[in-house]
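These notes concern the structure reproduced below.
Should a chain be cited, it is by its letter among A, B, C and D, assigned in written order, with residues numbered from 1 in that chain.
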């Protein structure tokens, strides 16, 4: 069409083209309120409401006074905001004779969670690495057993583990509890790590072997630096699981090291006449703050890590 | 050219084996050992403390004659199947919606995921409250003037298990969504282009092309959801305590209560053995095919 | 002197036999190419030589030392991978020095070797960069450098150029060849690209189904392929295969047409009567006047023309079978033209129609 | 050898400490008393124990004995026992004692002449195995009470009933006034407890014992017990609108006049007390449901796991002593709403209801309760049955009784 002569010669047909030219041109217009968008965002918002209602109820209730709660509507916002329940849940709620609320268990929870998370992830990542890259004979059998272990209800294992811990003399100690958490975190974490490491290019592993790096050398120097996403996932899963754990915390430790969830249980379950719903809710939120914070901070990395750990089977 | 002495098979990949000792110990001592121990003691009449006084299959006879155990099994079957299906469907739908290059994706994703950070105990308590007929949803709708409105799943023996499922899904679908979203992000963009050029409707592309490609994600998800379902306990305890009556009893609770409340370890072990047996029948051959024979 | 010797090596994955009692003898300084389609076992063989896979049976010697059970690092090899396999979190320098550090080489020696390697490969300016900041060609150069810096006797290349675009591929191909001329090390190179094989190799081992089909100099393989598979795999555009019948004379009958085989050198003593396949490369078919001088010629009709720049591939039919031949680009042929073609049976290959072996 | 040396050294130091006020030893005590009244009561123990120069380390685990017991048992069998722990006396700790995990208190008991102090003697019998004493009973709890809200009946315009039959008759009036006639927490132990209370009240202790002690299934399937199940059916109907789980929430319904009454043990009294209500004025209590004023002498007891530490052993003895001392008994039981285990204490401070209980006790009208008679296993089966019965209106009293008789036939 660059030739003016050609253009002139086709003048007869230009009308038709002009009509065409008047048609769609440039970027396709985007309709903000297209039917598709309404359905899409409508569904998402509807779902979001379902997911948010409990949080809303928890927060709203924790800010009300007891008389207001008795009046009824759990969804109505507080008429008079009070932080009393929060203070009480944290500092003065009683369980038995101890009236220092959740504050008592907070540091215990930290002391339990940190080493448990570190150890369980260390073990599981090495497992996953050994399973993905070194495949020694019988490894698959152990892995299958491990997956089977993921399905064993914890309650069933309480007794055998009490006996084992007693035999190795770790019953009642923090070390014992850390080991228990590592054991029960192992199946799912190993699965994720194994999937992740098998998704890394195998040639990298081969190159490192040719370069003379051994089992640990490859793990520490090559694999670990590439594994941030899956470590984020593992940390999130473990912090959540261990922080929220009640059963192991209470069975395998002693009162001076009880985690926060034990206090939560005590506050929620020791009712004094009428249940103090506001205090219960405040206590619930306070207990959940640590895992929640971790989620909010690392949201994007979580999906990326999951992508790496779950996509390749 | 003399051949070097062949290193012993045992020492091949020695470091890998040493590093796997915790895993091997856990697998053998805890999972195999603990399971065997449980099975052995299920044939005894152990009460508060484990004792090796064998009584044959008496515990099993009693287990299967127990109305409560039957209810527990039925509940787990209903809950298991439905929550598996709904988790996968809802999780996938939400992920598919989030994958439409929408705005505020991060916000939505965080909203769907945050319940997973909360324990089952907390989940149970909150939903127990929301579903309470007096001041929960039912009360509020009635307060708005619809007097005959009835929604009290936790207090109605026929539907209580669905009430528990509402809470269970609330807590767990976020993770499923995340897994699915991750899977969708791993699908080659070209697949979408090809489907678009070929004029294949979106739902068909998802159903017949994308989902089959996401098989590994579904498997990981399945393991995670299913292992959670079998262990279902805290949620029921926090939400209904097994009630009304025994309408929301589940096997894990049966096991726990017979072991510790009824102080009849033998019975608790017999129930756990049945659970483990079911799991083993389903999981072991499948896991072996899925993970063991990979090359 | 033998540099790499593979003796009766087999490898099974479960019940699948990937390598079948394979033998290979690579003299020092040779550039050997393992060529074959995917799944033929060529990469597996290379991995076995590197020690990354354990053999099921047989032995591997490198520099007269039995290394069958040695770790890769102790075999005196360097390896370059298709996906480069650069450690993403390390700089180029870190990548180059990783193996040396593991081997406990002294610091100044490491510096010296890196300096020499980066000079050879001209990657000096890239030393402080991370792999993600490099282009594909640069990455592969670093990957080669990583093998080079180890100062070993044997280099193993596992399809090193497959991930590059055509232009870069041919550039690096030349560079690898120069490298080999300069270093004179033994190099074993795996590829499925027959042009790479032809251009680089001192000898080519064509593999299929875990077995070496033919091991010879490139030209020999090109001219006298031992079987139909080798014949078809080498050469681009591919060799023409014509079904027909060997008859007394000797001659090869394609329908009514008979090709006299007086000038053809038969292999061995296989039956020279009965169904067979005649293979002739497109570039060996003469056209027009030149065809008249050929021992065999035939009038054919042009069906399709594929201009390729330097020359043109013309498709026609001999009897009912497709046949292509090459003409200079200047010859203006159009569809429907009737032309005379011919070839010298001495340049053809005749194969058994069932087993595909050369007759 | 070194070990022996330590033993000797420890023994010496103990001997040294006995005369001087005991050196401060931390003693961990686990229990499941966490509700308002309970916590106040247990504080009395702690106060008295701390006064001896030792330190009470509180290991409260909320959520009733079912949550706490597995933890206690695990701790003891896991070889990391607490200093002292609560159990309901009766058969819960039987096996732990048999395994030799619990401390033998016979010496102390003989020295302090528990046999003379403790009334009724069945309490000490329950702590005895093979002639040795293993626990310290601290209170008497009786299940056989119904607690009535005077306000609720006033609102309904009917007089406060004086026995179960009147209560049943008053139910329609209560319902008309928008009240829940019977408050009943939807937990199995409360439901089966109610059944047992009805049984003891309606058919009397003798038949009750035939069922639970002799495990006589023909009696369990007989006409007398049929009356009991008929009454349970009434209770079920009256409690249809009772939407609470915990016992003290049900008690709260009685306290604030939402419900007419609740069948619950005497521990409910602590809740009335915490709420500042006065027996006779705000609420009425009917022992034995006003039909059969007999009380069971179940209750709580403390066990002392065997420990190797002499300091802790000494502290255990101190605690056992403190728990039975008259002052502590009074202070504790007043708060707890239970009856003291010794007859020689002054309970002038006791309220109406407690006095009723004391009178019955003094008259010797006591009976054994299910904790002592049937194993926890059988109790669990009972609980399961009653949970099903109370939540499933379609189960007829006849069906339930049939299944009850089957459980009794197999009971141990």
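Worth pointing out:
Here, a contact is a pair of C-beta atoms (placed from the backbone, for glycine too) under 8 Å apart; a residue touches a chain by one contact, two chains touch by 3 or more.
By chain, with names taken from UniProt: A = Carbohydrate ABC transporter membrane protein 2, CUT1 family; B = Glucose/mannose transport system permease protein; C = Multiple sugar transport system ATP-binding protein; D = Probable sugar-binding periplasmic protein.
What you see is a predicted model, and the numbers here were worked out from it, not measured in a lab.
Counting steps between touching chains, the shortest path from subunit A to subunit B takes 1. Across A-D and B-D, it is A-D that has more C-beta pairs touching.
Chain centres computed from CA atoms place C at the largest separation from subunit A. Distance between chain centres (mean CA atoms), subunit A to subunit D: 43 Å. The distance from the centre of subunit C to the centre of subunit D, each centre being the mean of the chain's C-alpha atoms, comes to 89 Å. Each chain gets a centre from the mean of its Cα atoms; for subunit B and subunit D, those two points are 38 Å apart.
Spacing of subunit A relative to subunit C, judged by their CA centroids, is 51 angstrom. In subunit C, no residue touches two or more other chains.
Residues of subunit D found to touch two or more other chains are 70, 77. Residue positions 256, 259 of subunit B are each in touch with at least two other chains.
Subunit B contributes residues 47-49, 66-68, 132-134, 155, 157, 241-247, 256-264, 267 to its touches with subunit D in the complex.
Here subunit A touches subunit D in the complex through residues 94-98, 158-159, 162-163, 165-166, 171-172, 250-252, 254-256, 262, 265-275, going by the rule given at the top. Note for the complex: subunit A touches subunit C at residues 201, 203-204, 206-213, 217, 221-222, 225-226. Residue ranges of subunit C in contact with subunit A, taken from their complex: 47, 50-52, 71-73, 77-79, 81-89, 98-99, 102-103, 146, 150, 158. Residues 9, 12-13, 15-17, 19-20, 22-24, 26-35, 37-38, 50, 93-94, 97-98, 100, 102, 106, 108-123, 125-127, 129-130, 135-136, 139-140, 143, 170, 174, 178-179, 181-183, 185-186, 214-217, 219-221, 223-224, 226-227, 230-231, 233-234, 251-252, 255-256, 259, 265, 269, 272, 275-276, 279-280, 283-284, 287-288, 290-293 of subunit B touch subunit A in their complex.
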